[in-house]
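Below are two complexes that have chain A in common, paired first with chain B and then with chain C.
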Partner chain A sequence: MSDESLPAPRAGAPGPGARIGGGTLLQVGLAVLLAFLCLAPFALIVAISFGEKVQGAAWIWSVDPGNYARVFVGALWPEEFSGLYLQRLWYSVLYATLGAVLAVATAFPFTWFLTRTGRRAQTIWLVFLLSSVSVSEVFVVMGWDILLSNRSGLPMVARETGLTDWLKAVGWFDTLRGWGLANPRDLKFKTSATATVLTMTYLVWPYAVILLYPPLSRLDPALTEAARTMGARPATVIRTVVLPVLRLPLLGAVMFLFVYLLGVYVTVSVFAAPSQQTLAVSIYDAVRGATLDAPFGAAQSVVLLAVAALCLWFGQRLGGRGA
Partner chain B sequence: MRRRLHPAAALFMGLCALVLALPILVVMAAALNGGRTMLFPPEDPTLARFAEFFAGDPVWRDALWNSGLIAVSSAVLATALAWPIAYLVWQGGSGLSKALAAAGAMPFALPPIVFGVGLGFLWAFTAGLGTLWAGILSHAALFLALPLVTISVGLQSIDRAHLDAAATMGATESVMLRTIVWPQTIPYTVSGLFFVMVLSFNEFIVMFFVSASAFTTVTLQIFNSLRNGFTPTMAVAAILFVSVSITAFALVARWGDLPRLMGAEPEHD
Partner chain C sequence: MAGLALEGVGRDYGATRAVGRVDLAFREGELTALLGPSGCGKTTLLRIIAGLEPPSRGRILLGGRDITAMPAHLRRFGMVFQSFALFPHLNVRDNVAYSLAISGTGRAARHARADELLDLVRLGHLGDRSISALSGGQKQRVAIARALAQDPEVFLLDEPMSALDAKLREEMQVELRLLQQRLGITTIVVTHDQREAMSMADRIVVMSEGRAEQVGAPQEIYDRPDNAFVAGFIGRNNFFDAVAVPGGLEADGYRLALEPGPAFRPGSPVRAACRPERIRLGQDLPEGNRLPARVVFVRAIGSERDVHVETPLGPFVVAQGSGLQGGDGIAAGREVALHLPPGALQVYPAQSRPREVA
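Moving on to the complex of A and B:
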């Protein structure tokens, strides 16, 4: 499992060296533990994804690619094509992309202003942001569920304040109905793709600020000042100097958030219509929920993992090229 | 860099803060409901739900105990594992130590539901499914990346000149570790510990697969009741959670340099 012949880690370390045995032993111990805790789960998913379900919620080891066929073309292929799981994958990618892009696009100006405030104000904002990022998804969903619920949330506010009637009067109500954001009488946000994407954006928004904070606060002030002294307006400076310099951190943030959002479960299960749910929901159903087919759940997990890995690899390549 | 923000910028930041706080404030206000249903604005405000949460219902008491136990234990474990890895990498690191850091960061960088499914399989094979110790190990693995990052930031902030001076005067590696490296990285180590604690406290999906319904935590318990409608008692849990987070991060900010920890330049003044 580990390479015993590796030299002890001494390269940059000052001081006399005679501790090789202990250091290597520690590394090998850590390697075994991390291989078990951090790598074995992923290896097991891959191995089990080739397993076969047997009657009564159990499964056996196998080398059957059938689970993957079921994800991509349906269980009855080639007689019949079913794109059900491809559609779920599509919604996973769609929601995650929209959520990540929206979050980074709105977090960018915020972070820009944040790094322009004093150190003390920054500290207070950071405490607020970190507290908000760590609020459990279940609480976030609970809060938005109340805010968007038809009886006591924003639809009720819109009705009481006359906004709904006004929308009906100017004819925009029918447009909203077309988008699935209203029922015949009132505004309606549950269930809708809009509510799902907005809640996802909300979930990762503080993460976006935290990811953009280091590059923005380390941005050389000379860059923007030079552009300003040459007469560029602030908006022009942002567009022609700041954004090009920061394109890699921005793209990196979108990718990190995208990967995180691929696996969001609670939000989708509460806010998305059954026909618009994601792979994360069907993984849940297969492994612990209604359908109980662990190998199939594992195969879907591998597909999700592959999308995530592809995205991270792509980001790494871009980052490597940029550096 | 200490100039006044444009009023429009301040307004935008305030608006962001409002949207960020809104759902949580609504949940908190709902805790005051006198009745059994979650209404906003609350009807018949009372603090009875707080008593119910902390003293009354044994379901919530057990869940709270499990949440706390898992959060504290996994935070200690993750920090203890992250320390030697970060230290080995900082020392110039062999290929193996870099591989260790990469492996340790992997669970956090990939979709959590996939890691949860994998851990569910792992513990099913090792008789850990549904046990608290498996829950603790799982969260330690999931959040290992956080202390790895904070401790690495701390180690990088140590002035190499101090180490060279100590080495010239004949200090051994263990003496330097004890007298220079460790004291200077304490704030960063504690920050990493707090990060894991708070995130573990709030984590849901991985714990769902690992617990296999054999034990509950507060977040699991809330999810269980999600479909049956919320009760004001659940909102009390939200208040508790947010208070714990704010306290933890305020402590980090009090004893450490939070902007530096989050990646800003060190302060020059």
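Moving on to the complex of A and C:
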């Protein structure tokens, strides 16, 4: 066959490599849309954080790093140092860490036993947990607010049942006072760091179970049985086999819940003492509250985001080293 | 240790009886294979012995001591699991040393013991390797070394070869048997592979529907199956229905002599069997016990062949071995005669039917 029998390519027609299909265009379009949706709000906040508040008015665009300085050293620095917002950042990290760790620590044994029950029981529990996820933070906080209220909640129950008197008689009441969980007469949960962390834990507990369920149900039972045949007691099996094997899913669950809890607002504003509020509450106050200082709120948001990213990076390093 | 004994051991799951009442004695230093089809209760029985399942009835005795209620971690029987169950977060050496680590043995001593065991299974150079970087055969050897680390009184293996390819499986069967003989450890292997059981075990326990159907040496079970199930499960067999008559059988008008004579009352319906390699086919056949047959298929594999024939008593397979001469005229469609030697016929009660075995 001679070359002449082949049809000659038309001048100017694109070759197969240069052809762009409709699918490729769709993919590029979706990627641009996703990038815009993810990056645009963040870029906007970063830009606003350098803005300048105008007294008695809104704010103007600017390139002023003063908002960041105010977060770290206070508005009057260098004359006067104020660690108020660093303290709020500290409480954000503290509450989120405690809430996430407590939720995963308590959800782990529950999920462990759940995966060892029958299929029907597992389904009922999971449906119940999933439905509890649909309850909003406001509703949960309202319930805990009543449960922990000094007049009609658990302190009242303790008083009426004589538990408070018994605690006083055995001397444990003073210990609870030392922890900020009692006033001179009664038990007191509001306001306290304990109530804040407990409510946060309750808030994310169903998520913890749902996150731990897949890795726990996939864990090969032969691993724990092998350990048992080699002389390991049940607690030793958990410590030396189950926890190390599930180290990454456990760490992942803690990190996920930590990030979620960093932004919790209603729980902290109801249960935390005014001196122990978090950066999330402070951001809301700046953006929507009395000060209407959006640039300062944006600067706090960027700092909170950076700290969250730092914590995630640290967690990933920790997990990576374990793996 | 004076051996392991099961007395009336059984296990129920609700209304389902997984294991009936099993009485078995495992002799010290012997390798016993629990052999049976899927769902016959052999793995459940092994798990009961290991302490991973509580028995619903019966007793387990180790050296005369009742260990029925003893938890698995106190029995410390070395066990190799079907999936090997190696710990992915530990390297090879730490996997082998696990039992020593949790019992408080010092790091140097347990690593020395682990290296010694890894040398025994020819993996001494892989102590630092991650479990995920091992092949199937290497994983199995690590699992064996790990189970032996605590010097167990009884060594249990649950389908240990099932995750290996055919070639590796045969190699590991020989290797495991040699290791077991060298250590002289009482060993129980669960398998559904009769070749594996026949090639490794001192004794085989053939199980079916939660019962031990027959216990004996591999050749004894092959030559003298106790019932039609065992006759059908161990090796190949040709079955046909017959009626007991004085001195033999009668099937579809053909009279077949038996040696020794049938232990059935004359007139009783029976199920008879004859191994394919015991049947003779072709010319110069002895008098009596003959059947006419038509060859339907010849499956030749080198110097051996299976001849599938149709007879008045049903289809038969005749296995012809290495002495085979070419050009004997055996081909599909050919009319031939079969001879069922009187000493090769096995007879069972008519109601016991062999299960189809792949």
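Following the convention adopted for this analysis, the second predicted complex is superposed on the first by the 289 of 323 C-alpha atoms of A that agree within 3 Å, B and C clash if a C-alpha of one lies under 4 Å from a C-alpha of the other, contacts with A are read in each partner's own complex, and residues count from 1 in each chain.
To be clear about the criterion, a residue touches a chain if its C-beta (ideal position, glycine included) is under 8 Å from a C-beta of that chain, and two chains touch if they have at least 3 such contacts.
None of these values were measured; they are calculated from a predicted model.
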So, on chain A, is it clash or fit between chain B and chain C?
fit
Is A:L26 contacted by the first partner chain B, the second partner chain C, both or neither?
first
May I ask you to decide whether A:S275 touches chain B, chain C, both, or neither, giving the answer as first, second, both or neither?
neither
Name the contact category of A:T175: first (chain B only), second (chain C only), both, or neither.
neither
So in the superposed three-chain picture, is A:F110 touching just chain B, just chain C, both, or none of them (first/second/both/neither)?
first
Between chain B and chain C, which one contacts more residues of chain A in the superposed model?
B
In the overlay, answer first, second, both or neither for which of chain B and chain C A:D220 touches.
second
Can you give the closest approach of chain B to chain C, taken over C-alpha atoms and in whole Å, for the superposition?
9
For a test of understanding, state which residues of chain C touch chain A in their complex under the given definition.
50-52, 71-79, 81-83, 85, 87-89, 98-99, 101-103, 146-147, 149-150, 156
Partner chain A, residues of chain B touching it in the complex
1-3, 5, 9-10, 12-13, 16-17, 19-24, 26-27, 30, 38-40, 81, 84-85, 88, 90-97, 99-100, 103-104, 106-107, 109-115, 117-122, 125, 137-138, 140-141, 144, 163-164, 166-167, 171-174, 176, 198-199, 201-205, 208-209, 212, 219, 222-223, 226, 230, 234-235, 238, 241-242, 245-246, 249-250, 252-253, 258-259, 262-265, 267
The answer for chain A against chain B in the complex is residues 2-3, 6-17, 19, 23, 26-27, 30-31, 33-42, 44-45, 48, 106, 109-110, 113-119, 122-124, 126-132, 134-147, 152-153, 202, 205-206, 210, 213-215, 217-218, 221, 256, 259-260, 262-266, 270, 280, 283-284, 287-288, 294, 297-298, 301, 304-305, 308-309, 312
Interface with chain C, chain A side, in the complex: residues 220, 222-223, 225-233, 236, 240-241, 244-245, 247, 322
